[in-house]
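Common to both upcoming complexes is chain A, partnered first by chain B, then by chain C.
On to the complex of A and B.
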């Protein structure tokens, strides 16, 4: 046997690694990382997508702060996020704990709660658009059957955003339930037995065992919900188009309008920079204070 | 004492009643959750006068499949379905190959810059595609040698308004790479050692040992990718404008705006939802596992 110099394990370089990374990393770099840098550069210009761009400093950002419609969009997005982050997480947890126990039709119920998540947002928004329809929709039928005044739902500034929020909660709750169900499987049953023997009631067991031990799941759902709620677009675009009177327009809806309807790509990029900054800030804060090591093994 | 409650698996009558009560409440909630989707399907089988006429009935008098024929023959729906199928299948297959290779390289191979490259992938988990719309649009416009572009990607429209343009940005992504790496990290290292003794290189080890063991990963990543690509609305909306490359989600959105009859709109929505719902019902286990492995630490 030929004598080879002993090298510590792992010093050999696997050149194949670069070849294996090449296709996916190229796509990832070109369509995620590079664009992030481009967005930042565009946000400092008057880019319109066609002609040469001029550097305009921070004027896009100062314009944002004076743009009433954008401020309305930011406010709408925050209200939307407020109602579509925590309530669905709480409902999802309660559902998961309930369907985790013994129930009639358990499998059917789980599938029923989960199905809206699989349905495309456009299809879901279309169906709910019809249910909110003032003349032939389900909700007004129920109201008139109860002898109440019909509403204009999506066509009324006061109720439009709430209607979009209710639909979005309906769509996401099942996803939260499934993730929590998986988390519940990792809690050892003996903990509950021991607590029972110590005389802890159902509510106490839920608050003292289930909730704390599902912390990393909650953390994960919270981060994901923050990202998706701050970037809401499809349901707004399909159900209301941002109206009535900008009552439901959101930040991404404004980005879409500015970039692809008015071709103000520099201005749209400024909105995008603001949005990604807020998204990253929230994610990092979550990791800092939400005990990241628990949630994702990085 | 062995009474009837014990034989049914309950402590006493009180526990049995609470079981029934819980079952009833959850079943009611599940039916309410299903109601919008059930109404979508049922309405798609009604006649126009049943939908707009007075008096509400859940079930159609007799199922009218003519609505589906009308939708499918009335406009180019077969083409939209074909476009969506092509985009979904190609994107899913290619992204699976790319992401698995990258995940394996990050998990098992040693090469300089592996760590920084991986951290740069993690960064992408925090960047939603919505904030990159403008630069990715510009990049797709600048794909060289397509759509009248020269080698430098100038002069034409590039891959705008093509199926390729819809697919390119999602052929690989931070999420898929991350998930594949996490999956392969769970493999015992001893697997490779034997193969290495036999002089097998990284490619052969991946193809002959890792790939055959990747079925759960392929199933969950595949199901997630199929769902997101089939359901995507915003990106096709941005990157296409003509009918020849329209996907089903875009078509449904436009169909809704065209203010057609409700029963036809619901038939179109059902057509858009049905393929995924069938996949979901057949592969429910993989859906759930996919969603769960994507959310829970490995």
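On to the complex of A and C.
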């Protein structure tokens, strides 16, 4: 039995260790913690970005509850999150299972599905904007070829958000597929063989073996999707500018407009604090109830 | 040994990360104008290199071409001065200026617009140019109405260089095709609606060619229509005053007119004006856009007509672009020299010839109108009947809710009265 050496009296501080941690902690402090604290302070003031700020208490937060445009943005953000969390995870899993098998052009398919994820969001949003163009866009050309009525896509309040969601799903799915692919490699093949011998079909093997054993991967993707969906901004800014008629504006888009175009840094900070609080709450709930995926008993 | 090396690497990384933040801001307290600088004077000795940064709003190619040309000539005459020119779309302009100011790295010269005068003036972000202007021998030649636009509480914080009347234009060929008299453009709202209906081309429910291009979030269109019905957004004290019955009527008219429009956002419209590619028969355009279009399609010069719709009065959007010097700039005198030379009579005329900037000197008015009696008369007339942003601190916030009301009405989300009431209420809360 190995004995741990006795610690000498008096603490021995590992200066080298702390020094190695110092750069990353400094960067975290300066670029994350300090701005976060400043934002919380600004949210309690009428700061416009330049002039001296006056303390206004919680009036920025109470104004949020009466601001019709912000409430619409919050609604849009929740709808967006609803459709860009679970569907891409499900599609990513199905794609991963498909390309994990023995298919012709397997590697090409994996690369093709993953490629949208590595393209810049602004570039991708611009291309999709052109595709949605009512006059000369690809989608209306297809509809016309099929004898169907063209649509205004991004310019109709009823379809604009859906168009942004479709684009976002297309972009995220490849990443989910790659993560699931990695997870699939860790599932022992013997389990599938044993299940086959026992007469389990493909769907049963998928539902009873694949899905449960990928639970930790699913949990990871779910948490990340929750956080990123609530912070949607780029595609909204590029494709619709928040319109038409605030049909696609989101919380982060409103933060951007209030802070940098309307000189309401205090109000924008209040929105940001609220968003952080909601995101943290959802993440904590995820960890509390969702993370039951310790190593499965195999 | 390994721990020592690791420790040294960690300290080196930290030092490298901290080093940029320790860059000194020398000179920031030493470069304010001393009081009575002479026009054209330069604070630096001729041999000392000066670098000026010039950020301009708007991305019109003709404007860019002109300013690049002027900068080139200026730098040739002043080899000790280097000017770094950059642009931003108007939708990004305020953000860029705000970020630059907050970062302590503001541009020396800013191509500001009327909507920013009150906010920037209130925050003392631009230098009072009066000491410089007083040194100009022909300072009385500049149009008082234009100079007044750049004045905030007695300080001339912006020098007008580009009056920006936005003209209501129509396509005479389209008028002929629709059986309308191309020399008799609409003068009243009723005539506008009637003409728009006849000019609109549809495929199913999709408008392929707009009879009148109406983008509900474009202040160049929406605000003049409201003013045409007698709405004054601010009262004589500068307080908001736009929750009035005339506003409801204007919103109703905007709603009616919108059915003859193609669907674009104001951002898309500014990038590729549909009037120029033939997908709108009536629209609003800036003089530089018209000039750009005519320079690319000279055969279209006679095809563009200007009209002045009226309900209670005629009105068009008439803003202005200015040149300002940021307070935190380290080169006030050099920046003023650049501005001062750009507003001489000769340079102002050159600017008109190259980029169709209307003139702001009274001595050039007759020459300007004689150069193109039809278009330039229209521009001058528009400047006299037009009005731009209200020079108040609440304008940007108010405009957000005015355009929101317009958008809600056009997209059938609310009636005109509901949209006006709810947005005005939210606006009042915002400015309180």
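Keep this in mind: the second predicted complex is superposed on the first by the 279 of 298 C-alpha atoms of A that agree within 3 Å, B and C clash if a C-alpha of one lies under 4 Å from a C-alpha of the other, contacts with A are read in each partner's own complex, and residues count from 1 in each chain.
Everything below uses one rule, namely that contacts are C-beta pairs under 8 Å (C-beta built on N, C-alpha and C of every residue); 3 or more make two chains touch, one makes a residue touch a chain.
On a predicted model such as this, the values are computed, not experimentally measured, just so you know.
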Chain A as common anchor, with chain B and chain C clashing or fitting: clash
Which of chain B and chain C A:51 touches, first, second, both or neither: second
Partner chain(s) touched by A:149 [first = chain B, second = chain C, both, neither]: second
Partner chain(s) touched by A:23 [first = chain B, second = chain C, both, neither]: both
Which of chain B and chain C A:67 touches, first, second, both or neither: second
Most chain A residues touched (candidates chain B, chain C): B
Which superposed partner A:163 touches (first chain B, second chain C, both, neither): neither
Touching partner for A:260 - first (chain B), second (chain C), both, neither: both
Chain B versus chain C as contact partner of A:35, first or second or both or neither: first
Touched partner set for A:15, first chain B, second chain C, both or neither: both
Touched partner set for A:134, first chain B, second chain C, both or neither: second
Listed stretches 200-208, 272-280 or 290-298 of chain B, narrowed to the one that overlaps chain C: 200-208
Where chain A meets both chain C and chain B, residue numbers: 15-16, 20-21, 23, 27, 49, 260
Footprint of chain A on chain C - complex, ascending: 3-4, 6-7, 9-11, 13-14, 17-18, 91, 94-95, 98-99, 101-102, 119, 122-123, 125, 203-206, 208, 216-217, 262-265, 267, 279, 396-397, 400, 404, 407-408, 410-411, 413, 422, 426, 429-430
List of chain A residues in touch with chain C within their complex: 15-16, 19-23, 26-27, 48-51, 63, 66-69, 134-135, 149-150, 152, 155-157, 240-241, 243-247, 257, 260-264, 267
Touch list for chain B against partner chain A, complex: 9, 19-20, 22-23, 26-27, 29-31, 33-34, 36-37, 39-40, 43, 51-52, 56, 95, 97-99, 101-102, 104-106, 109-112, 114, 117, 120-124, 126-139, 168-169, 171-174, 176-177, 182, 201-203, 206, 227, 230-231, 233-234, 237-238, 249, 252-253, 256, 262, 265-266, 269, 272-273, 276-277, 280-281, 284, 287-288, 291-292, 295-298
In the complex, chain A residues that touch chain B: 10-18, 20-21, 23-25, 27-36, 38-39, 42, 49, 95, 98-99, 101-105, 108-109, 111-116, 118-124, 126-131, 133, 136, 138, 141, 170, 173-175, 178-179, 182-183, 216-217, 220-221, 224, 227-228, 231, 233-234, 237-238, 252, 255-256, 259-260, 265, 268-269, 272-273, 275-276, 279-280, 283, 294-298
